[in-house]
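Before any comments, here is the structure.
Chain lettering (A, B, C and D) follows the sequence in which the chains are written, and residue indices restart at 1 in each chain.
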Amino acid sequence: MIAEFSIVPIGQGEELSGPVAEVLDIVDRSGLPYRLTAMGTIVEGEWDDVLALIKECHRTMRRHAGRVLTRIAIDDRDKARDRIRGKVEAVEKALGRELSK
Amino acid sequence: MIAEFSIVPIGQGEELSGPVAEVLDIVDRSGLPYRLTAMGTIVEGEWDDVLALIKECHRTMRRHAGRVLTRIAIDDRDKARDRIRGKVEAVEKALGRELSK
Amino acid sequence: MIAEFSIVPIGQGEELSGPVAEVLDIVDRSGLPYRLTAMGTIVEGEWDDVLALIKECHRTMRRHAGRVLTRIAIDDRDKARDRIRGKVEAVEKALGRELSK
Amino acid sequence: MIAEFSIVPIGQGEELSGPVAEVLDIVDRSGLPYRLTAMGTIVEGEWDDVLALIKECHRTMRRHAGRVLTRIAIDDRDKARDRIRGKVEAVEKALGRELSK
(Lines give C-alpha, C1' and ligand atoms only; values in the text may rest on other atoms or scores of the structure.)
Protein backbone atom coordinates (compact mmCIF):
# COMPACT_ATOMS: atom_id res chain seq x y z
CA MET A 1 0.00 0.00 0.00
CA ILE A 2 1.02 3.65 -0.26
CA ALA A 3 0.36 6.27 2.38
CA GLU A 4 0.76 10.04 2.53
CA PHE A 5 1.22 11.61 5.93
CA SER A 6 1.76 15.06 7.42
CA ILE A 7 2.61 15.91 11.02
CA VAL A 8 1.96 19.43 12.33
CA PRO A 9 3.08 20.67 15.78
CA ILE A 10 0.69 23.25 17.25
CA GLY A 11 1.97 26.38 18.99
CA GLN A 12 5.55 26.16 17.70
CA GLY A 13 5.77 29.12 15.33
CA GLU A 14 5.18 29.33 11.61
CA GLU A 15 8.47 27.89 10.45
CA LEU A 16 8.24 24.10 10.60
CA SER A 17 11.16 23.06 8.39
CA GLY A 18 13.47 22.24 11.36
CA PRO A 19 11.32 19.58 13.07
CA VAL A 20 10.08 18.46 9.64
CA ALA A 21 13.71 17.75 8.69
CA GLU A 22 14.19 15.65 11.85
CA VAL A 23 11.14 13.60 10.90
CA LEU A 24 12.34 13.24 7.32
CA ASP A 25 15.63 11.88 8.56
CA ILE A 26 13.67 9.08 10.30
CA VAL A 27 11.82 8.37 7.06
CA ASP A 28 15.05 8.39 5.07
CA ARG A 29 16.70 5.85 7.40
CA SER A 30 13.64 3.53 7.39
CA GLY A 31 14.58 1.96 4.07
CA LEU A 32 11.03 2.27 2.74
CA PRO A 33 10.54 3.92 -0.67
CA TYR A 34 9.27 7.48 -0.14
CA ARG A 35 8.80 10.85 -1.76
CA LEU A 36 8.63 14.25 -0.10
CA THR A 37 6.07 16.66 -1.55
CA ALA A 38 5.09 20.24 -0.63
CA MET A 39 2.10 18.88 1.33
CA GLY A 40 3.39 15.70 2.94
CA THR A 41 5.46 12.55 2.68
CA ILE A 42 4.41 9.58 0.55
CA VAL A 43 5.74 6.17 1.61
CA GLU A 44 5.18 2.63 0.27
CA GLY A 45 5.18 -0.63 2.23
CA GLU A 46 3.13 -3.08 4.25
CA TRP A 47 0.63 -1.74 6.84
CA ASP A 48 2.75 -2.61 9.91
CA ASP A 49 5.97 -1.14 8.50
CA VAL A 50 4.32 2.07 7.30
CA LEU A 51 2.35 2.65 10.51
CA ALA A 52 5.39 1.89 12.72
CA LEU A 53 7.30 4.55 10.78
CA ILE A 54 4.51 7.12 11.10
CA LYS A 55 4.25 6.36 14.83
CA GLU A 56 7.98 7.04 15.31
CA CYS A 57 7.71 10.30 13.35
CA HIS A 58 4.64 11.38 15.34
CA ARG A 59 6.32 10.57 18.69
CA THR A 60 9.42 12.52 17.66
CA MET A 61 7.32 15.59 16.89
CA ARG A 62 5.43 15.20 20.19
CA ARG A 63 8.72 15.61 22.05
CA HIS A 64 8.93 19.10 20.47
CA ALA A 65 5.30 20.12 20.98
CA GLY A 66 2.52 19.58 23.51
CA ARG A 67 0.02 19.11 20.71
CA VAL A 68 0.46 17.45 17.33
CA LEU A 69 -1.96 16.97 14.43
CA THR A 70 -1.15 14.03 12.15
CA ARG A 71 -2.97 13.20 8.92
CA ILE A 72 -2.65 9.88 7.09
CA ALA A 73 -4.18 8.90 3.73
CA ILE A 74 -3.82 5.25 2.70
CA ASP A 75 -4.40 3.76 -0.77
CA ASP A 76 -4.34 -0.04 -0.46
CA ARG A 77 -4.84 -1.99 -3.69
CA ASP A 78 -4.53 -5.69 -4.27
CA LYS A 79 -1.26 -6.80 -5.92
CA ALA A 80 -0.18 -3.20 -6.58
CA ARG A 81 3.56 -2.44 -6.30
CA ASP A 82 5.89 0.46 -7.10
CA ARG A 83 3.02 2.90 -7.14
CA ILE A 84 4.76 6.09 -5.98
CA ARG A 85 6.04 6.46 -9.56
CA GLY A 86 3.54 4.05 -11.14
CA LYS A 87 0.34 5.93 -10.36
CA VAL A 88 1.66 9.12 -11.94
CA GLU A 89 2.86 7.21 -15.02
CA ALA A 90 -0.55 5.51 -15.41
CA VAL A 91 -2.24 8.91 -15.55
CA GLU A 92 0.34 10.24 -18.03
CA LYS A 93 -0.24 7.18 -20.23
CA ALA A 94 -4.04 7.70 -20.15
CA LEU A 95 -3.54 11.39 -20.92
CA GLY A 96 -1.05 10.70 -23.72
CA ARG A 97 1.66 13.06 -22.49
CA GLU A 98 4.03 13.77 -19.61
CA LEU A 99 3.00 16.07 -16.78
CA SER A 100 5.11 18.40 -14.64
CA LYS A 101 6.33 16.50 -11.58
CA MET B 1 -5.44 11.15 21.66
CA ILE B 2 -8.51 11.34 19.44
CA ALA B 3 -8.64 10.18 15.83
CA GLU B 4 -11.22 10.44 13.07
CA PHE B 5 -11.11 7.84 10.34
CA SER B 6 -13.03 6.94 7.20
CA ILE B 7 -12.65 3.81 5.07
CA VAL B 8 -13.90 3.82 1.46
CA PRO B 9 -14.01 0.69 -0.75
CA ILE B 10 -13.46 1.51 -4.43
CA GLY B 11 -15.55 -0.11 -7.17
CA GLN B 12 -18.30 -1.42 -4.88
CA GLY B 13 -21.29 0.74 -5.87
CA GLU B 14 -22.56 3.98 -4.38
CA GLU B 15 -24.29 2.52 -1.34
CA LEU B 16 -21.70 1.96 1.36
CA SER B 17 -23.88 1.64 4.48
CA GLY B 18 -23.67 -2.21 4.53
CA PRO B 19 -19.87 -2.59 4.82
CA VAL B 20 -19.76 0.60 6.90
CA ALA B 21 -22.12 -1.08 9.41
CA GLU B 22 -19.81 -4.13 9.58
CA VAL B 23 -16.89 -1.84 10.36
CA LEU B 24 -18.93 0.07 12.96
CA ASP B 25 -19.75 -3.18 14.70
CA ILE B 26 -15.98 -3.73 15.14
CA VAL B 27 -15.63 -0.22 16.58
CA ASP B 28 -18.60 -0.74 18.89
CA ARG B 29 -17.15 -3.97 20.29
CA SER B 30 -13.66 -2.44 20.81
CA GLY B 31 -14.65 -0.77 24.07
CA LEU B 32 -13.03 2.54 23.05
CA PRO B 33 -15.14 5.71 23.34
CA TYR B 34 -16.32 6.69 19.85
CA ARG B 35 -18.79 8.78 17.92
CA LEU B 36 -20.14 8.19 14.42
CA THR B 37 -20.54 11.31 12.26
CA ALA B 38 -21.78 11.82 8.69
CA MET B 39 -18.14 11.99 7.51
CA GLY B 40 -16.33 9.42 9.64
CA THR B 41 -15.83 7.80 13.01
CA ILE B 42 -14.14 9.58 15.91
CA VAL B 43 -12.44 7.37 18.50
CA GLU B 44 -10.39 8.14 21.63
CA GLY B 45 -7.54 6.10 23.12
CA GLU B 46 -3.81 5.44 23.13
CA TRP B 47 -1.96 5.27 19.77
CA ASP B 48 -1.55 1.48 19.74
CA ASP B 49 -5.19 0.76 20.66
CA VAL B 50 -6.59 3.25 18.16
CA LEU B 51 -4.34 2.14 15.29
CA ALA B 52 -4.98 -1.57 15.98
CA LEU B 53 -8.71 -0.86 15.74
CA ILE B 54 -8.36 1.07 12.48
CA LYS B 55 -6.18 -1.72 11.06
CA GLU B 56 -8.88 -4.31 11.83
CA CYS B 57 -11.54 -2.11 10.22
CA HIS B 58 -9.38 -1.50 7.15
CA ARG B 59 -8.62 -5.23 6.75
CA THR B 60 -12.31 -6.08 7.06
CA MET B 61 -13.18 -3.66 4.26
CA ARG B 62 -10.33 -5.05 2.11
CA ARG B 63 -12.00 -8.46 2.21
CA HIS B 64 -14.97 -6.79 0.45
CA ALA B 65 -13.00 -4.74 -2.07
CA GLY B 66 -9.79 -4.99 -4.08
CA ARG B 67 -8.99 -1.37 -3.33
CA VAL B 68 -9.63 0.62 -0.17
CA LEU B 69 -8.90 4.27 0.66
CA THR B 70 -8.52 5.01 4.39
CA ARG B 71 -8.12 8.47 5.91
CA ILE B 72 -6.99 9.10 9.49
CA ALA B 73 -6.74 12.45 11.30
CA ILE B 74 -5.09 12.40 14.74
CA ASP B 75 -5.20 15.14 17.40
CA ASP B 76 -2.73 14.23 20.14
CA ARG B 77 -2.50 16.64 23.06
CA ASP B 78 -0.62 16.28 26.30
CA LYS B 79 -2.76 15.30 29.30
CA ALA B 80 -6.01 15.73 27.34
CA ARG B 81 -8.84 13.28 28.17
CA ASP B 82 -12.54 12.92 27.31
CA ARG B 83 -12.17 15.17 24.30
CA ILE B 84 -14.86 13.72 22.00
CA ARG B 85 -17.39 15.68 24.07
CA GLY B 86 -14.90 18.07 25.68
CA LYS B 87 -13.63 19.81 22.53
CA VAL B 88 -17.16 20.71 21.45
CA GLU B 89 -18.02 21.95 24.95
CA ALA B 90 -14.87 24.11 25.06
CA VAL B 91 -15.94 25.86 21.86
CA GLU B 92 -19.49 26.34 23.14
CA LYS B 93 -18.12 27.84 26.35
CA ALA B 94 -15.89 30.26 24.37
CA LEU B 95 -18.85 31.16 22.16
CA GLY B 96 -21.20 31.60 25.12
CA ARG B 97 -24.00 29.37 23.83
CA GLU B 98 -24.82 25.80 22.78
CA LEU B 99 -24.42 24.69 19.18
CA SER B 100 -26.42 22.15 17.20
CA LYS B 101 -24.84 18.72 17.60
CA MET C 1 -23.51 17.88 -0.75
CA ILE C 2 -22.02 17.67 2.72
CA ALA C 3 -18.55 18.88 3.67
CA GLU C 4 -16.40 18.61 6.77
CA PHE C 5 -13.77 21.25 7.31
CA SER C 6 -11.15 22.17 9.89
CA ILE C 7 -9.06 25.34 10.03
CA VAL C 8 -5.82 25.37 12.03
CA PRO C 9 -3.75 28.53 12.69
CA ILE C 10 -0.01 27.80 12.94
CA GLY C 11 2.15 29.40 15.59
CA GLN C 12 -0.70 30.64 17.81
CA GLY C 13 -0.35 28.42 20.89
CA GLU C 14 -2.01 25.13 21.76
CA GLU C 15 -5.39 26.49 22.81
CA LEU C 16 -7.47 27.08 19.70
CA SER C 17 -10.98 27.30 21.15
CA GLY C 18 -11.09 31.14 21.03
CA PRO C 19 -10.53 31.61 17.26
CA VAL C 20 -12.46 28.37 16.63
CA ALA C 21 -15.46 29.95 18.41
CA GLU C 22 -15.21 33.05 16.19
CA VAL C 23 -15.27 30.81 13.11
CA LEU C 24 -18.20 28.81 14.51
CA ASP C 25 -20.16 32.01 14.97
CA ILE C 26 -19.78 32.64 11.21
CA VAL C 27 -21.02 29.11 10.49
CA ASP C 28 -23.94 29.55 12.89
CA ARG C 29 -25.08 32.77 11.22
CA SER C 30 -24.78 31.29 7.69
CA GLY C 31 -28.13 29.54 7.92
CA LEU C 32 -26.72 26.30 6.49
CA PRO C 33 -27.38 23.08 8.45
CA TYR C 34 -24.23 22.13 10.33
CA ARG C 35 -22.82 20.03 13.14
CA LEU C 36 -19.71 20.64 15.22
CA THR C 37 -17.63 17.55 16.04
CA ALA C 38 -14.40 17.07 18.00
CA MET C 39 -12.46 17.01 14.73
CA GLY C 40 -14.19 19.57 12.53
CA THR C 41 -17.41 21.16 11.35
CA ILE C 42 -19.84 19.36 9.03
CA VAL C 43 -22.05 21.56 6.84
CA GLU C 44 -24.62 20.78 4.14
CA GLY C 45 -25.53 22.86 1.07
CA GLU C 46 -24.72 23.60 -2.56
CA TRP C 47 -21.03 23.87 -3.63
CA ASP C 48 -21.00 27.69 -3.96
CA ASP C 49 -22.71 28.30 -0.60
CA VAL C 50 -20.52 25.81 1.28
CA LEU C 51 -17.26 27.02 -0.26
CA ALA C 52 -18.16 30.71 0.25
CA LEU C 53 -18.71 29.91 3.94
CA ILE C 54 -15.41 28.04 4.27
CA LYS C 55 -13.60 30.91 2.50
CA GLU C 56 -15.01 33.42 5.01
CA CYS C 57 -13.97 31.18 7.93
CA HIS C 58 -10.49 30.70 6.48
CA ARG C 59 -10.03 34.45 5.89
CA THR C 60 -11.15 35.20 9.45
CA MET C 61 -8.55 32.82 10.85
CA ARG C 62 -5.87 34.31 8.57
CA ARG C 63 -6.40 37.67 10.25
CA HIS C 64 -5.29 35.97 13.50
CA ALA C 65 -2.36 34.01 12.09
CA GLY C 66 0.29 34.38 9.40
CA ARG C 67 -0.18 30.75 8.39
CA VAL C 68 -3.35 28.68 8.28
CA LEU C 69 -3.92 25.05 7.32
CA THR C 70 -7.46 24.25 6.13
CA ARG C 71 -8.78 20.77 5.34
CA ILE C 72 -12.01 20.12 3.45
CA ALA C 73 -13.66 16.74 2.76
CA ILE C 74 -16.66 16.77 0.40
CA ASP C 75 -19.21 13.97 -0.12
CA ASP C 76 -21.37 14.89 -3.12
CA ARG C 77 -24.12 12.43 -4.03
CA ASP C 78 -26.88 12.79 -6.58
CA LYS C 79 -30.30 13.68 -5.11
CA ALA C 80 -29.08 13.20 -1.53
CA ARG C 81 -30.56 15.56 1.09
CA ASP C 82 -30.54 15.87 4.90
CA ARG C 83 -27.47 13.69 5.18
CA ILE C 84 -25.85 15.10 8.31
CA ARG C 85 -28.36 13.04 10.32
CA GLY C 86 -29.33 10.70 7.46
CA LYS C 87 -25.96 9.04 6.90
CA VAL C 88 -25.65 8.08 10.55
CA GLU C 89 -29.24 6.75 10.60
CA ALA C 90 -28.60 4.66 7.46
CA VAL C 91 -25.67 2.95 9.18
CA GLU C 92 -27.69 2.36 12.36
CA LYS C 93 -30.49 0.83 10.27
CA ALA C 94 -28.02 -1.50 8.49
CA LEU C 95 -26.50 -2.42 11.85
CA GLY C 96 -29.91 -2.96 13.49
CA ARG C 97 -29.27 -0.76 16.53
CA GLU C 98 -28.51 2.77 17.63
CA LEU C 99 -24.93 3.97 18.05
CA SER C 100 -23.46 6.50 20.46
CA LYS C 101 -23.58 9.96 18.86
CA MET D 1 -1.44 29.50 -1.15
CA ILE D 2 -0.87 25.90 -2.15
CA ALA D 3 -3.54 23.21 -2.12
CA GLU D 4 -3.52 19.46 -2.61
CA PHE D 5 -6.71 17.82 -3.82
CA SER D 6 -7.97 14.37 -4.74
CA ILE D 7 -11.27 13.48 -6.38
CA VAL D 8 -12.62 9.92 -6.08
CA PRO D 9 -15.70 8.65 -7.95
CA ILE D 10 -17.61 5.99 -6.00
CA GLY D 11 -18.97 2.87 -7.68
CA GLN D 12 -16.93 3.19 -10.88
CA GLY D 13 -14.51 0.26 -10.64
CA GLU D 14 -11.00 0.08 -9.25
CA GLU D 15 -9.20 1.65 -12.17
CA LEU D 16 -9.46 5.40 -11.91
CA SER D 17 -6.69 6.55 -14.26
CA GLY D 18 -9.12 7.38 -17.15
CA PRO D 19 -11.30 9.96 -15.37
CA VAL D 20 -8.25 11.10 -13.40
CA ALA D 21 -6.53 11.91 -16.72
CA GLU D 22 -9.55 13.96 -17.85
CA VAL D 23 -9.36 15.96 -14.64
CA LEU D 24 -5.59 16.41 -15.01
CA ASP D 25 -6.12 17.82 -18.48
CA ILE D 26 -8.29 20.53 -16.90
CA VAL D 27 -5.55 21.28 -14.37
CA ASP D 28 -2.90 21.37 -17.09
CA ARG D 29 -4.88 23.89 -19.17
CA SER D 30 -5.58 26.13 -16.14
CA GLY D 31 -2.15 27.76 -16.30
CA LEU D 32 -1.65 27.42 -12.54
CA PRO D 33 1.62 25.82 -11.35
CA TYR D 34 0.89 22.24 -10.30
CA ARG D 35 2.43 18.88 -9.53
CA LEU D 36 0.85 15.44 -9.79
CA THR D 37 1.76 13.01 -7.01
CA ALA D 38 0.73 9.40 -6.31
CA MET D 39 -1.87 10.66 -3.80
CA GLY D 40 -3.22 13.84 -5.35
CA THR D 41 -2.57 17.03 -7.28
CA ILE D 42 -0.80 20.02 -5.73
CA VAL D 43 -1.62 23.44 -7.20
CA GLU D 44 -0.51 26.98 -6.30
CA GLY D 45 -2.50 30.21 -6.67
CA GLU D 46 -4.97 32.59 -5.08
CA TRP D 47 -8.02 31.14 -3.23
CA ASP D 48 -10.57 32.01 -5.95
CA ASP D 49 -8.46 30.64 -8.81
CA VAL D 50 -7.58 27.42 -6.99
CA LEU D 51 -11.12 26.73 -5.79
CA ALA D 52 -12.63 27.52 -9.21
CA LEU D 53 -10.25 24.95 -10.70
CA ILE D 54 -11.13 22.31 -8.11
CA LYS D 55 -14.85 22.98 -8.64
CA GLU D 56 -14.48 22.39 -12.40
CA CYS D 57 -12.55 19.15 -11.77
CA HIS D 58 -15.14 17.98 -9.22
CA ARG D 59 -18.05 18.76 -11.58
CA THR D 60 -16.34 16.89 -14.42
CA MET D 61 -15.99 13.79 -12.24
CA ARG D 62 -19.62 14.09 -11.13
CA ARG D 63 -20.72 13.72 -14.75
CA HIS D 64 -19.05 10.26 -14.66
CA ALA D 65 -20.32 9.15 -11.24
CA GLY D 66 -23.40 9.60 -9.08
CA ARG D 67 -21.23 10.05 -6.01
CA VAL D 68 -17.85 11.78 -5.68
CA LEU D 69 -15.58 12.26 -2.67
CA THR D 70 -13.23 15.25 -2.92
CA ARG D 71 -10.49 16.11 -0.41
CA ILE D 72 -8.72 19.46 -0.27
CA ALA D 73 -5.79 20.47 1.97
CA ILE D 74 -4.79 24.15 1.92
CA ASP D 75 -1.56 25.69 3.25
CA ASP D 76 -1.94 29.47 3.19
CA ARG D 77 1.04 31.47 4.42
CA ASP D 78 1.60 35.20 4.31
CA LYS D 79 3.92 36.37 1.50
CA ALA D 80 4.87 32.81 0.52
CA ARG D 81 5.43 32.16 -3.21
CA ASP D 82 6.78 29.31 -5.36
CA ARG D 83 6.25 26.81 -2.58
CA ILE D 84 5.54 23.63 -4.58
CA ARG D 85 9.33 23.36 -5.04
CA GLY D 86 10.29 25.72 -2.23
CA LYS D 87 8.86 23.77 0.69
CA VAL D 88 10.76 20.64 -0.31
CA GLU D 89 13.98 22.61 -0.79
CA ALA D 90 13.60 24.25 2.65
CA VAL D 91 13.44 20.82 4.27
CA GLU D 92 16.44 19.59 2.28
CA LYS D 93 18.39 22.67 3.37
CA ALA D 94 17.50 22.08 7.05
CA LEU D 95 18.45 18.40 6.68
CA GLY D 96 21.70 19.20 4.87
CA ARG D 97 21.15 16.89 1.93
CA GLU D 98 18.86 16.15 -1.02
CA LEU D 99 15.92 13.79 -0.67
CA SER D 100 14.33 11.49 -3.22
CA LYS D 101 11.59 13.38 -5.05
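Note that a contact is a pair of C-beta atoms (placed from the backbone, for glycine too) under 8 Å apart; a residue touches a chain by one contact, two chains touch by 3 or more.
Predicted, not measured: the structure shown is a model, and the values here were computed from it.
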item	value
Comparison of A-C and A-D (more C-beta pairs in contact)	A-D
Greatest separation from subunit A - chain, by CA centre	C
Rigid-body rotation angle, subunit D and subunit B, from Cα fit (steps of 5°)	180
CA centroid of subunit A to CA centroid of subunit C, Å	25
Subunit C and subunit D, separation of their C-alpha mean positions in angstrom	21
Centre-of-Cα separation between subunit D and subunit A, whole angstrom	16
Touching two or more other chains - residue numbers and ranges from subunit D	14, 66-67, 69, 71, 73, 75, 77
Complex contact set, residues of subunit B against subunit C	2, 4, 6, 14, 17-18, 20-21, 24-25, 28, 33-40, 42, 71, 73, 75, 77, 83-88, 90-91, 93-95, 99-101
In the complex with subunit D, residue positions of subunit B that touch it	8, 10-14, 16, 66-67, 69, 71
Interfacial residue positions of subunit C with respect to subunit D in the complex	47, 51, 55, 58, 62, 66-78
